[in-house]
Amino acid sequence: MNPETKVVVDTLWVLITAMLVFFMNLGFACVEAGFQQSKNCVNILSKNFVVFACSTVAFWYLGWGLMFGDGNPFMGLQGLLMITGADNSPATGDAYQGVYSSIAWTGVPLSAKFFFQLVFAGTAATIVSGSVGGRIKYFSFILFSFILVGLIYPIGGHWIWGGGWLAKLGFWDFAGSTVVHSVGGWAALMGAIILGPRFGKFGPKGEINAIPGHSMSLAMIGTLVLYLGWFGFNPGSTMAADPRLMGHICLTTNMAAATAILSSTFTSWIFLKKPDIGMTINGCLAGLVAITAPCAFVSVPSAAIIGLIAGFIVVPAVIFFDKVHVDDPVGATAVHLVNGIFGTIAVGLFAQDWVSPNTTGNGLFFGGGVKLLTAQLTGVAAVGAFVVIASAIAWYVLKMTVGIRVSLTEEIEGLDIGEHGNQAYPDFVTRKPSYRGVGITESLGAQNSGMKSSASKKEYNEVLR
Amino acid sequence: MNPETKVVVDTLWVLITAMLVFFMNLGFACVEAGFQQSKNCVNILSKNFVVFACSTVAFWYLGWGLMFGDGNPFMGLQGLLMITGADNSPATGDAYQGVYSSIAWTGVPLSAKFFFQLVFAGTAATIVSGSVGGRIKYFSFILFSFILVGLIYPIGGHWIWGGGWLAKLGFWDFAGSTVVHSVGGWAALMGAIILGPRFGKFGPKGEINAIPGHSMSLAMIGTLVLYLGWFGFNPGSTMAADPRLMGHICLTTNMAAATAILSSTFTSWIFLKKPDIGMTINGCLAGLVAITAPCAFVSVPSAAIIGLIAGFIVVPAVIFFDKVHVDDPVGATAVHLVNGIFGTIAVGLFAQDWVSPNTTGNGLFFGGGVKLLTAQLTGVAAVGAFVVIASAIAWYVLKMTVGIRVSLTEEIEGLDIGEHGNQAYPDFVTRKPSYRGVGITESLGAQNSGMKSSASKKEYNEVLR
Amino acid sequence: MNPETKVVVDTLWVLITAMLVFFMNLGFACVEAGFQQSKNCVNILSKNFVVFACSTVAFWYLGWGLMFGDGNPFMGLQGLLMITGADNSPATGDAYQGVYSSIAWTGVPLSAKFFFQLVFAGTAATIVSGSVGGRIKYFSFILFSFILVGLIYPIGGHWIWGGGWLAKLGFWDFAGSTVVHSVGGWAALMGAIILGPRFGKFGPKGEINAIPGHSMSLAMIGTLVLYLGWFGFNPGSTMAADPRLMGHICLTTNMAAATAILSSTFTSWIFLKKPDIGMTINGCLAGLVAITAPCAFVSVPSAAIIGLIAGFIVVPAVIFFDKVHVDDPVGATAVHLVNGIFGTIAVGLFAQDWVSPNTTGNGLFFGGGVKLLTAQLTGVAAVGAFVVIASAIAWYVLKMTVGIRVSLTEEIEGLDIGEHGNQAYPDFVTRKPSYRGVGITESLGAQNSGMKSSASKKEYNEVLR
């Protein structure tokens, strides 16, 4: 193909798939809002909206350079601020002259590279929004989003996609089960732990109370938008219009989602007696997260098996986080963290050399031994340790300074009024949230420190009145 | 153009339009949920979600081979299971060596061919979901979806797009008014008939009771998503980046939708006194279904006329199915079946040779005589007879074995709780569905056999209490 | 690149981005419905749906020819009706032979040119729908839409994109801040003024009553769909697959939206005490409208500044229209008119020659002097004067003939029942709209003439009963 033509078709593919990934912002907003209470709906929508604005500014100002700038194995050090480093994209390989050489394998203009990577960075940040929903201060969430996309995400990303030490180790993550989803998932988990659970989620004797989401329609809209967006996320990560690979990745991505929908549906049917729509939705997303790392390295039947497993494990994973009293209102950790890890490991098990020659080689199940699997496990552990520490520091610094949790009165009334002065559905008659017979004083006694620190004696009394 | 370049741009077009068609799953989910009651919303969303997972597995495992595998005029017989037949795509024409020769006219990789055809198969199955809404067992719907996409749809499709006997007869259906929409429509009609109407839809003296849908917002979201998806459905069916034809089909598709919106709006304004939003929505979809077969064979002014007619006939068609006591909660038969048939016939009337030379030739209105029209009518009748028989058998087998209808108590309470243990909108105060003064015992007497067989004496009494 | 290949890739880009712009119909429908009351929801959705059907017919029948047909500096005169003029597209430049020479710079088929321009015309018309919501007669809105897209929009557009007098003057509007947004905005403003405010919006002593929108979820869905659509609107306006420019425009567009989200959020936080979701949403849209004209002429940092300003000014703009008692239920004038003007002026300030050589040259802030700025201001004033006069005439003619405002009784009950015989959410218990202690007789006294002319004494009494 004419080199000029190749730049054009590659750019078409990269920009169009980037737009699909951008659209996942709507998917996350709808799923996370639908799975939470109507009294917090404006707040969740606002968080999931503003987060992409924060991501844009943070990734442009600093994140891009830290992630893709030439530097050491741990972070980029050149062309750091506002993408101002030298660059002669779309030149590739030896013809490339610039400071973003780790991404010089794709022959598209720098603007297209940045736009594509930006929408991925935004995804990691938006994952956090769901887990901390219903009790976080809006301003603190905005600050955390800047930190995550400006610092934490790009450093982890540099290790893998920026030519850093994990890339050199032979760790493979095609479209971001680790780089995006488990980074977002770990940050979300730390947020949920440090904030503490929503009032009423866990009773004084450790009972787990379901707090049902306010709109399954909204959640389903979000899910199918995310599913569509994943056809940008995974096939787009070729960052080149390679017909064979684009088509193959569409199939592996779709197949894993499909088998995960079926396995989560039947798993919840068996364990919870009925096919719960929340489990089916999270099953689908789990399958999509799990196939994200291996989508370009495994066969379609392997993708079917990966999806089956992902759809199964999301059900016990959701139950597990409830059991250990981590309050994740939307199941983001079960989906993005647990299945981000599983998908990354699945590369080490299911990879086959013929799918993308000269990349992963064969995984354990196809005669490749444990070398690839070991690299994958190393990456999972290293990225996990880094994000847990870095995001915990960030959350604690925010807690000590601006505070991270709203008052108890505001939480009970709903964050829409307290944080935004808005109501999501003012024309409709809504139910007062019941706390299911849990006496407020008793319940407060059982709350963890994150809770205690933000609700004063006076506030308790106001609630009790 | 360089042959390698052609493969790239064709694959870009096929994959991107396939993604748009995939997105129609959201459109169907929203339209069908919006047009039904809130107590059945989770169930409808779940059906429209799981159906694409079923379609993926069924079409991959068997459907694709039956439809496009080399075989006899009635079904594919080679390369049946899991797309494992020999194939050297993207080679085309004489260079093609493989068992899927009926689709070797498009020069894209096998994965892209499969992905594009899969999203079409999924559409046929999701059409059924609306018509059987509000009373079907979730498990039976899942089983029927496997049968439809694994067996019925691909056999009908083989006759037309798989090089079968209708293709040889000179029957033309560019993007699937018959292959997809009327196949789905016939299966939906048989389901609606065999299930019987929802409780309360028809009174003891044959009165027709309107059961209004619970969210016109949701219905409108769905409609515009479907409209967008149709720009994948019709222009994408070129399966090649042919600038003239792609652009032309965008115009015919859009023009038919536009005139159908206007004609259905004014038809309902005249006949129902006011421009009912449900009729306007179904009018738009009717226009889109009708232009699906002829979109590449007719001029833009002809498309305008086809849309005008489609938007008109959907109004009496909806009224007709009510009159004959077929309870189709969303009007899927009026839209997909009636206008699938009309659109197929429209090819025989409006086709002009210059639009796509060497395909249909001229239709009746442009001097082509009745030859094309006869072939179109033959196809409509043959596919109709086949799908009516095959789907009736499938529905009856399911009825005899696992049962197809939920209990009356569950139906009245809503399938969300009965089938899924969920509520779609738990925070909102909803109205109890009234049965509009229809005494329950009287009404039950008027129910058809589908109803009677699933509601016991004991259940009647529970409802009456 | 091979010329044939260039036609293919350019057509791919034009059609795909046109589809994204088409999808903005959903965005407008959701934002405008979400920001208005549930009792008018069906009406708003219907208006925003039917308007694209009207646009299709009007722009096909007449608008296209008036806008792009060869003619004089004020309107097209050749190839007027139904795009039937001579045309040998995709030929460009000197090779072009036809009557639509002003758009012969893009090398795509005529059908693709028309489809792309049609979806832009539809956008202008749909802007009007929001501002006139809650009191306009459905039929009058349909008629106005035909007039706007068939006559007013294309004449204004001819001046700028059709090779007319403003184009010759050196006025630049890359993707339509003026051509689309401020044209729609002026027509919306005139509609809002001539109709008069909704009953209860302004009290007898001039108090401004907030009438909150019924669904922030719907509004947010709409906003993110619009944001996605803008990646068609702006980058697609290259009408050619130019890798550098496509990527650059994705970045300027996104950056302006992001900084506008942040600045509107913090502006409302400071001035209204809390980060109001309505302001954040309108801030985002303001940033997108403002970057529409300059997106291909300014640098990314300039785009960031343009967005910051747009997000700021939308807040006082919304407050201003309230203060002068113009009732615009969705803030369309503050978004599309005010920021359409600002964005057009921003070209004259921020343009840099290197971004798109041989177009605008440098603006005032980059050493280009006031020449460009003067041309931009001239265009803003001329288009404004024309649309104000033309749309005022159209609104008054409609008022004198078919009438433009529904009865007071109908308005208070809601237009869904009065105009359509539908309810948007029949299953849900909704609140009666309170008129906040404003006595109806008093309030009526304060209504303007638009109001008085359509509500009879008898109707007042019915309301009072």
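Which chain is which? They are A, B and C, in the order written, and residues in each are numbered from 1.
The working rule: contacts are C-beta pairs under 8 Å (C-beta built on N, C-alpha and C of every residue); 3 or more make two chains touch, one makes a residue touch a chain.
These numbers were taken from a predicted model, which means no experiment stands behind them.
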Subject >> Size of the rotation, in steps of 5 degrees, that lays the CA trace of chain B over chain C >> reply: 120
Subject >> Interface residue identity across copies chain A, chain C - same or different by half >> reply: different
**OP:** Measure off the straight-line distance from the CA centroid of chain A to the CA centroid of chain C, and report it in whole Å.
**Re:** 34
**OP:** Quick one: which residues in chain B touch 2 or more of the other chains?
**Re:** 2, 5, 9, 12, 16, 215, 221, 425, 428-429
Original post:
Which residues, counting only chain B, touch chain A once they are in their complex?
Top reply: 2, 4-5, 7-9, 11-12, 15-16, 18-19, 22-23, 25-26, 29-30, 33, 41-42, 45-46, 49-50, 52-54, 56-57, 60, 82-83, 90, 108-112, 114-115, 118, 138, 215, 218, 221, 419-429
Original post:
Within the complex, which stretch of chain A touches chain B?
Top reply: 1-2, 5, 9, 12-13, 16, 20, 37-39, 212-217, 220-221, 223-225, 227-228, 231, 235, 241, 243-244, 246-248, 250-251, 254-255, 257-259, 261-262, 265, 272-278, 280-281, 284, 300-301, 304, 425, 428-431, 433
